[in-house]
Each structure stands twice: as C-alpha cells, then as structure tokens.
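You will see two complexes here that share subunit A, one where it goes with subunit B and one where it goes with subunit C.
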Partner chain A sequence: MSVLMPMDKLPGLNKATILLVGTEDALLQQLAEAMLQEDCASELQVHLAKSLPLPSNGSRPRIDLIVFVINLHSKYSFQNVEESLCHVDSRFFLGKLCFLATGAGQESHCSVHQSMVVKLAHTYRSPLLFCDLEVESFRASMAQRLVRMLQICAGHVPGVSALNLLSLLRSSESPSLEEL
Partner chain B sequence: MLCVASGLARPWRAEHAQARLSAGTGHPGTMEPCDSPESTPRQNASSNLKDYFLASTPWQKRLESVRKQTSFVQTTPRRKVPECSQLQETIDPHKLAFLLHKQWTLYSLTPLYKFSYTNLKEYSRLLSAFVAAEKQKGLAVEVGEDFNIKVIFSTLLGIKGTPRDSEAFLVQILSKSQLPSKNREDKVLWTGWFCCIFGDSFLETVSEDFTCLPLFLANGSESNTAIIGTWFQKTFDCYFSRLAINAFNLSWMAAMWTACKMDHYMATTEFLWSVPCSPQSLDISYAVHPEDAKALWDSVHKTPGEVTQEEVDLFMDCLCSHFHRHFKIHLSATRLVRVSTSVASAHTDGKIKILCHKYLIGVLAYLTELAVFQIE
Partner chain C sequence: MEETVAEFLRRTILKIPMYEMMTILKAWDFFPEEQLQTVNFRQRKEQLAVDLVLLCEKKSASLNDVALLDIIYTQAHRNHKVWDVFQMSEEPDDDVNLFDMEQFKSSFKKTLQRALRNVTVSFRNAEENAVWIRVAWGTQCSKPNQYKPTYVVYYPQTPYAFASLSTLKSTVPLLGQALKIASNHHQIMKMDLRSRHLDSLKAIVFKQYNQVFENHNSTKPLQERNLGQNRNVDPRLIHENTVEKERIQRITEETFGDYPQPQLEFAQYKLETKFKSDINRGILAEREEPLRCLVKFSSPHLLEALKSLAPAGIADAPLSPLLTCIPSKRKNYFKIRDK
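Right, the complex of A and B next:
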C-alpha cells in the first residue's frame, strides 16, 4: 500500500505543488484553472486525482499541500475521501492538508450532513473550508486562499510555516466542536 | 428510466454489511482516533435541557433555545425518537380515511397570533368572503361560479403527539351544489390541514398568544393554496414556506418506515434516484420486495426502539452496494429523490402520501420535526 510522503523528494527551486483529490472532475478542473490564473511569485503546479493511492510515477514532484474536495450532494465523494485518507502519511496532517466542502448552499440537494464533514476534519485535526465551487466568484476567492496556503506550505513565505498556519486556523474554531 | 426489481439473499447481506462497517472507520495508524464516547454528548444534552427548563422568563427561555439550537445545528441526530407508535383511539376513522391515500404538499408555518378554536365559524365566514373576492378579481368573464364557494373549518381531534400539542384543524373549500336537491353532496375543491406532533421544543419558546401548528399539508390547486395562504398570513401574522426534504432526511424516512412492523405489505419499497447528467437527467428506479427490505433492516438494527445514524447509513449502503454489484453504478453519487414504502411515500419537493393509518402519527412527527427545524 503506497503512502504519500511529504518529505521523500527534494523541493524544486521556487516550485509549489498542490494536489486536489476528489470525485468531481469538472469542479476540480475549474478550481485548478482558477488557481493557475492567480498572480503568484512561485511557480505553481496543480495535480488532480480522483482518489489515492496515486499511481507510482517517478517524475511527480514533491507535494506541498493536499486538498480533499468533498461534495455534500454526493455520499460517494465523502466515502472516497475517507478511503483515500489511509494513503496519506501522518506528517501531512501537520498543516499540509485541508478539506474543502462544496455544495452547502443548496440544502435541499445535500445527502451528507454538514456535521459529518466537520467531524471528519476534527478527527484529522485539519482545517475545513466551505465553498460553493460552482459559483465563479466564490471559486476565485477560494483559489486565491489556496494559493496563499500553498505558498506557506511550500516554505516560500518567510517567517510562517505550515504548522504556524495550522495553529492560527485552529484557534478560530468554535469551542463547541470539542463536544463532538 | 431504468427499473430494477431485486430480492436480497440473506447470507450475502450479512457479510456485506460487516464489510461496509469496517471500511467506514479507517484511521491512519499513527493518528490518535477521536474518542468521544456516544454517551457523553447525550449527558451534555440532558444537562443543557435541565438548565433550560429552570429559566423563568420567556426572554430567557428564548435565549436558551437559540443557544441550544446553534449547538445542535452541528450535530447529526444521534438517537432518534422511538419508531412509529400505535395510533391513539380517539381519531375519527372517517376523517382518518380522508387523510390517507392523498398526495399532500408540505409547508412549514410559523406560529399563528391570536388564533382561537372557538371562532372557527367566524373564520369560515371571513375566509369564504375572501376567497370569493379573490376569485372574482380580474376574471370578468367567469360569473356565477364564484358565489357558490364556501369554506369550512373543522377540528381534527386526536391528531397530536402529546396532550400539550395544539389541536389540529382542517380547512376545506367546497363548491355548493347548484341543484336544489338535497342529496347532492358538495364537491371538495381544496383541502388543507394544520397540525403539530411532538412540538414540545418549539412550544416552549413562544408566548401564550401564539398557537403552534408548524406543519401544513395541502391538497388541491396551487392558486387556492396561495389564496388561503395569503389570508392566513394577513390575519394571523404567520409565514408559510415550502418544506423541501433533502436526500439525507429521505434516507432516514426510508429506514424508519421500513422498520415499522406491518401485517401485510400493500406496496413494494421503491427508491427513485436522479442522476445529474447533461442534457437530460437520468432517473433510476430501484424496487425492493418489502419483506426483503424489512429483513435487511432487521439484520442491521441493533438497539430496540431506537434508530441511529449508523444504522440508517448501513441500510442505505447495503442497498447501494447491491445495486453497484449488478450495474456498476454508484448510487451514492446520485441524488435520492423519492422514497416509497407501504407506510408512506415522500418526494424531495415536499410531497407526501400516507398509506398506513397505524403509523400516521409517527410520519407526522418526523415531518413536524423537519418543519420546526426549517422555521428555526
């Protein structure tokens, strides 16, 4: 069972690589395009995958940030993410991984309850972002946010590390999550 | 339209159920699992409830309930109310037969201000006049028909969960018979009824002047529903909104209704899934023999008298994986649109048809809960 490691390869010069994992191909494509359109000092590489484990491929660069995209309209995407999480090394959970839930705007179409996703993110101690990826303006602002997170995780922002960012994001969570 | 009728073989089901359960709880070995035992949130909930009842003034009560609601929004229902209970004896069987086997459109309704059960005749008179006036507006060509409309309010005794629930009442629009003969019955044009089943949590937060009947069911033309709705909104300062049922709640309904004990099954258990694809969406209809569905539920069900989230998920997962095995289509990636069992059938647009009189109160209780949740 191949596990994705954060530090098994050397970093490329000024390169930052993000891996988007999710079953919704169209949404991932659109998010990737939005991210690539952002102005960024580093060279961005966006990889898309339906699920983990990734096929063994020597030429893949080091992954700096993994984003698991869960569509709240589809239970299948949630189950897919749960199964893919087994193939991620534990050091990714120190700030180099986050969850993105889409589709919360249309409550009548939701088959996955929001609290299930919240519980998943809480179990893995990773940030959870909500965004309706079908709406262009939300997608653009989320792409901007992910690019900034990616730069920090790749170490391109002096003074801030992925772990710093994780603790910063964690402190804004509501305390009632501890009761879950 | 793809139709599948299938029976489920027992030995396959048991091992498959086991397999799905273990797949769902995978943690990477190096992470500590989130240990929140099932009993702790329940204890917290009960202690919150105790503090809640000690609050004296209505303002304090309202604040407490808002605080309770914001924390509840984050949790899934862990333990549901016990399964559908037996009907109380006080319901008039004639009225009951009238409520069953009809397609009702669901609305949620905010509390009615200064509604009184003693003024029903007065309300009938006012509403008849209003309906007649509305129908005359703008339609110059239609004459004669409108003056024969009458509206009747009547109470539905016995349709309540606890004695504290407000009494349910029925509104009907009838067209008076044009013929002078007495034995010609009035034709029912539109029916709507208001009810509240186990609305305890909601009742606490409102003051005495309000009557809580959060669930409204209507059968008949949309224009009539709109007219009646406008009158109620103007007279009692309330607000109607369509109650849509999402796939999550539909799967709960499927599980709860399959769990009901029935002497004989009138209809097959059927699910309708909508696959989002362009240009036209595909509909998948999946029919299961009701006894097989009940047998599957019995093998999944652990705690007697209660239904949990895990059991519902497991039940739906078993059905979906059976389908996947045959057709290689992941039903979990599609949207559940309609659930139909021998007890009742529900559509995601907020339409319900109740088929079994024994479990009427149970079905209405869940719908009331959804309506209350939508209002809050």
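Right, the complex of A and C next:
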C-alpha cells in the first residue's frame, strides 16, 4: 500500500508544494487558481488529486501541506476522503494536513451532516476549515489563508513551525467533541 | 357562427403570443394574405382577438376551422404538453396492409362517433408523413368540451403514436381502441415513456438519437484533445490523476456517446423488494411483504445531467445500468422487483 510520506524527499529551495485532494475537480481547480494568484515570496506549486494513493511519480516534489476537500452536498466526496486518509503517513497529522468543508451555506442540499466532518477532523486531530468555495470572495480569502499555512508548513516563516500552528489553531477551536 | 364556437376562437387567439400571431395565422391559411395585411397587429391582444373573430364570422368559420387553429398553436408549443407513447402490434399472421391515410382518418372518426355521439375530430398532416389528430370529447348527451382535448401524433407505417392525453381519464381506452382499429392493429399498449419533449421522444422511439451529423475529430486520441484545451494553464498547477480522468472520459463517451442526448425531465423507479440484511434477524428481515419505495430523478435535461455526473466528480464511473439504459430501453418508468 503506497503511503504519502512527508519527509522522504529533500525540500526545494524556496519551494512550497500543496496537495488538494477532492472528488470535484472544478472546485479544486478554482481554489488552486485563486491560490496561485496570491503574491507570495515562496515558489508555489499546487497539485490536484481526486484521491489517494497518487500514481507513482519520481519527479513529484515534497508535499508540505495536504488539504482534503469535502463537499457537504456529496456523500461520495466524504467517503472518498475517508478512504484516502489510509494512504497518508501519520507524520502529516502533526500540522501538515487539514480538512476543508464546502457547501455548508446551502443547508437543504447537504447530505453530509456537519457533525460528521467535525468528528472526522477530531479523530485525526487536524484543523477543519469551512468555506463555500463556490462564492468567489470566500474562495479568495480561503486561498490567502491556505497560502499562509503552506508557507509555515514549508518552513518559510521563521519562528513558526507546522506543529506550532496546529496547537495555536487547536486552542481557539470550539468546545471539544465530548461537550457537543 | 355559434356563440360557443366564437368564444372558442377568441380564447384560442388569446393563447397565441403576439410575436407568433402572424406566422400562425399564415399557417392557418383561413384568411388570404391581402386580408391579413389589413388587420392592425399593433393593438392590444384583446382588441385584436375581437377584430379577428368578427372577420371569421363574416367568412363563416366552422368549428373545424377553429380546431385546426388550435392544432397549429399546439404544434408550435408542443413542449407545453406532456406526451405519452403508445405502441401497437399486429397479429403475426396478419397480411401486410397498405396504409391509406383517408381510410385511416375516416375509420378513426367513425369509431369515436359510434361510441360517443358527440366528438370533434380534426386532422392535420405534418412533416415526415405524420398526422396530428385533435379530439374534443363529449358524451351521449352533452356537447364536446373544446378546452380539454387530446392530441395524437401518429406515424403511419410505424406502430407508434404519441399522445397528449386529456385530463378526462375515461377517454383513454376509447382513444386506444380507435387508433388500433383505424390503423389495422391488433393490440395497443402504453409504453413506460413520458416527456414534454416530443422530438426527443421521437428520437428515442425511432432510435435516431445516436446519429452524429457534423464531422467530429473523433480520430484524434483523447489526450491530444484534452491537452489542447489546457494550453493556458499555469505550469505551477499539476493534475495528479490524468489517467483516471481519461478513464472516466472514455467510459462516459462509451456509455453516452459523442452526440447530444435526447431531452427528458425525469426518471422514476418503483422498488418492490424484500428487505435484505447480513444479520438475517430482526423485524424487517422477517417481514413477508416487500417494501415499497419510489425514487424519482428530475432535471431540465436528465440525460445530459447523468452524462456529466462522473466527469464532475459527483459519482463514480461507470454509472448504474439502471440509469444508462433509459434511451436504449426506451423507458423512464421502471419497476424493480425481486427476481
């Protein structure tokens, strides 16, 4: 079973690579384009994948941040993410992985309940972000946020590491699952 | 002109949208061209209707003339009605009868008139040999109701007829009977196919939907076509699953073809199956009667929506054959039972 490793390659000079995983290509494409439009001191690369494992490719750079995109309107996208999580090395869960849920704005179309994604994120101890990717302004601000997170995870921000960021995000989260 | 006929005419004219008025009146051919030029088409529709009714009275328009106008209007707005499909069959040892249009029309009319003294039956020939039939239903003692007619489009030389049934449900068996007898068939039954789009129904029933008329670059391999589209993409953006995407494109094309899909609004599945469970215990598993459930898929263009499910990443390819068999099986109503 091929597993995605965080540290199996040397980092590129000033390079930061993000991997977006999700079933709906159109959404991923739009988010990727929004990210690439951001002004950023690091050299960005965005990889889009429908699911893991990725096809074997020696020239792929080291992945600094994985974002799993779940569309709350589609159970299929949720199942896809659950299955892909098996192919991720456990060291990614130390701040180099996050979940992004889209579609919460249209409650009537949601077939995946919010508590399911909250539970998933809690199980994997990783941050969960909500954003309606179909709305351009929300998408643009999420892109900014992801670029910033990516820079931290790639080690380009002095004094802040991925693990620091994770604990910062954790403490400002809503009450833990037991209290829900 | 009788008052009821005049009212029927007035209401029919009011249905016609102003931008179509001239075209429809010309197709009706009741007024010569010169007379139409004298009518003021710039006034409000209510007033125009009054003027036209007066002109028709002078020319003694009959009920049949107005029914013809109604047919022309419906032909122009065929998508406003919901169409069912009927299939007829002959006895295997019947002689092949040469079809005679006049004989069909008179036999159809006679059958209906024999059963219900009061019916209005009108015919209009259309393209591709088809005949449009309009039937307004009455009873033994009451006059036909002109506002709830049935329209039938019959293609002679084929066993198919498309009908937009009146809301008067009791008329359906009699209509079937008349069609069967007039066209020299032995049996008639309703197919499980229904849609507003008459032309799409025709394409499905006569299996004409898979004809591609333009020249396609189908000889170019799929990768070249996709790469050509992506020439302006940022090199910093990399798609990892190109092989998977190509597989999905290929399967979608194999299932749905390269051509535009016929237009249907829904597909309905009635399930009558017994509860199946791994555990083999529990109240539901012991239940003798099957569970009943109805699933309906609706869309302005159902088949195109199904075709785009896998490429959009909303479903896995290949799709369930229950969904993809709709045009080839010529049905959009399904009953699923335990074998």
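The rule is short, and it goes like this: the second predicted complex is superposed on the first by the 176 of 180 C-alpha atoms of A that agree within 3 Å, B and C clash if a C-alpha of one lies under 4 Å from a C-alpha of the other, contacts with A are read in each partner's own complex, and residues count from 1 in each chain.
Just so we're on the same page, a contact is a pair of C-beta atoms (placed from the backbone, for glycine too) under 8 Å apart; a residue touches a chain by one contact, two chains touch by 3 or more.
Quantities reported herein were computed from a predicted structural model and do not represent experimental measurements.
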Notebook entry, point to check: Putting subunit B and subunit C onto subunit A via the overlay, clash or fit?
Noted result: clash
Note to self: With both complexes superposed on chain A, which partner does A:I18 reach: first (subunit B), second (subunit C), both or neither?
What the structure shows: neither
Check: With the two structures laid over each other on chain A, which partner does A:S77 touch: subunit B (first), subunit C (second), both, or neither?
Finding: both
Item checked: First, second, both or neither for A:C110, with subunit B first and subunit C second -> first
Notebook entry, point to check: Given the touch rule stated above, what does A:F93 touch, subunit B (first), subunit C (second), both, or neither?
Noted result: first
Next item on the list: Could you tell me if A:A49 is touching subunit B, subunit C, both of them or neither one (first, second, both, neither)?
Entry: second
Next item on the list: State whether subunit B or subunit C is in contact with more residues of subunit A in the superposed arrangement.
Entry: B
Next item on the list: Would you tell me the residues on subunit A in contact with subunit B in one complex that are also in contact with subunit C in the other?
Entry: 23, 74, 76-77
Next item on the list: Can you check the complex and tell me which residues of subunit A touch subunit B?
Entry: 23, 73-77, 79, 82-83, 85-86, 88-90, 93, 107-116, 118-119, 122-125, 176-177, 179-180
Check: For the complex, which residues does subunit A have touching subunit C?
Finding: 19, 22-26, 29, 32-33, 36, 43-51, 54-55, 57, 74, 76-77
Item checked: Sites on subunit B touched by subunit A in the complex -> 23-24, 26-28, 30-31, 33-34, 36, 40-41, 44, 71, 73-76, 244-248, 251, 330, 332-336, 348
Item checked: Residue ranges of subunit C touching subunit A (in the complex, touch as defined) -> 234, 236-241, 243-245, 312-316
